[in-house]
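Here chain A shows up in two complexes: once beside chain B, once beside chain C.
On to the complex of A and B.
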């Protein structure tokens, strides 16, 4: 069992609502759906080059969860570490137009947004399970 | 806030402080004068924000002392006008943030305090009482490709390469030519607060380049009466004129005669610096 040796990186999410969703989906996965089973990697820290994030993504399978088709998380992993083990694009789940709306503070999220978070987290968990099954 | 402002938060996902940096940034972005900068996208596509950065000033919000947002700004050679560290604000409020992301009274208090810090204009400072000398003459020496200069008189230095020059009971503090050459392009000066009292060799703020952060160790004891606000928009003055236009802090002295015992005068510092440069082979 790989346990928490699978990494998840969400995009930083300041450009659009998709980024907000990606961040919350990764938190949901870490705290509720797969507690203790994944390591979340901080993308700004990953890019800044400190903290062992890059080394982790080089050694272990890492999933990118991006808010829009710019795919900042996926591109950063591929640039600084390794090929991603899987990727999720929130825009493909909630639609590109919705994903490109303005980012929101957590307190302004509606039930609809929370449903998007759930769908994104579920999709990420599915990829996680597939990686585990291959091992 | 009267001018346009670009806000670069760290947006950390792993810690509460990172999340608060994002909350602060989103609050600020309610204003049309504020442009939010994604720390990841700017790294990938700097041109996306070039226009906004050219038209406004940059405020960086770091969540913790890893200072990812500052480092990203430094790597991209962006001039930072203002910088806030969420963890330091929380510490001053005696609030522990931890890892868990939460929205409660404590985190709301931290967000409010960070917003107040960003929105408050610089403290009023009285007109300078420091009388500048008409001209300063320098001694120089070279080592390899570097040429170092040290004033011929009227400056005193500690061994941390910070200087003080005195006018009556007032003094100005700065860093030596050696420091600015080591740091290379200076991007940000983090000064102390006006009214801060400090002892000789206390920390008196910092200056930051894309290469490193340099803690300013005060050569004297006193009270801060002014900071060089010109460095907000032009921190490169520390590089261009470290002993004159690039002064950092103006202070009211406590006891300069006593402080002077532990300082080098200009000829002594000149010799000290020559030895230092030779030893570390700059």
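On to the complex of A and C.
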């Protein structure tokens, strides 16, 4: 393992609100909640990358943060790299109907959306801390 | 013809991915909602039958955040026909020295650049539609 870093990868889904929340939750982890402790990667790099991207989840215990119950990030990581160490589904936090609403520009974020981001990031942090405690 | 698929990459580490995402959202939600739609790139990557059915043989435009061209490659791999492909840094020349923001949020200059990228995509959509008609 490389230091104390944990991989956190969002689906960043472009088609629905859940994807926007997943992406912002990971950014919040990187910038505010666990600065310097999060390693991330653009999800499609697992298949499009020509470097060592597919080894990512072998190098780092990795948490997938998905926008809906299709869990694309979790499945893509497991298909192309390694089993995930934990996963978060935004739909389980904000409800499936909400998660599948239209995607949102960051220009149009409301306090309600920021609360969804916080709840998703908090859940991810909880899993993060559990992984660190086991190390 | 079915709606043109306009697909950004899912870049998260730097501002380029957010510029790609926001410019595409402007096109699919505001500028050309009747002619375009987007798909989750991560879903495309899974190769699920459902998403392959939506994209295979379809006209697609991609906007990538860097030269790895993840959106273009993933869409092609899934059978989409990429008729126009761009990457955000291609249009940076006129914007040198500007601060566009981060992977989390854009600055005013970032929004102006995203708007410019969106207009490039709108021109693509017009061109594709003119060829079909």
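The criterion applied here is as follows: the second predicted complex is superposed on the first by the 129 of 135 C-alpha atoms of A that agree within 3 Å, B and C clash if a C-alpha of one lies under 4 Å from a C-alpha of the other, contacts with A are read in each partner's own complex, and residues count from 1 in each chain.
Operating definition for what follows: a contact is a pair of C-beta atoms (placed from the backbone, for glycine too) under 8 Å apart; a residue touches a chain by one contact, two chains touch by 3 or more.
Quantities reported herein were computed from a predicted structural model and do not represent experimental measurements.
In the three-chain model built by superposing on chain A, chain B clashes with chain C.
Of the two partner chains placed by superposition, chain B and chain C are both touched by A:42.
Contact with neither chain B nor chain C is seen for A:135 once the two complexes are overlaid on the shared chain. Overlay on chain A, chain B versus chain C, candidates 117-125, 135-143, 153-161 or 261-269: the clashing stretch is 117-125. According to the touch criterion, the shared surface of chain A, contacted by chain B in one complex and chain C in the other, consists of residues 10-15, 19, 23, 26-27, 40-45, 47-49, 70, 72-73, 75-76, 103, 105-107. Note for the complex: chain A touches chain C at residues 10-16, 19, 23-24, 26-28, 31, 40-49, 67, 70, 72-73, 75-76, 79, 102-103, 105-107. By the touch criterion given at the top, residues 7-13, 17-18, 21-22, 24-26, 29, 38-43, 45-46, 48, 65, 68-71, 73-74, 77, 102-106, 111 of chain C touch chain A in their complex. Within the complex formed with chain B, the chain A residues making contact are 10-15, 19, 23, 26-27, 40-45, 47-51, 70, 72-73, 75-76, 103-107.
Interface residues of chain B, counted against chain A in their complex, comprise 9-15, 18, 22-23, 25-27, 36-41, 43-45, 66, 68-69, 71-72, 75, 101, 103.
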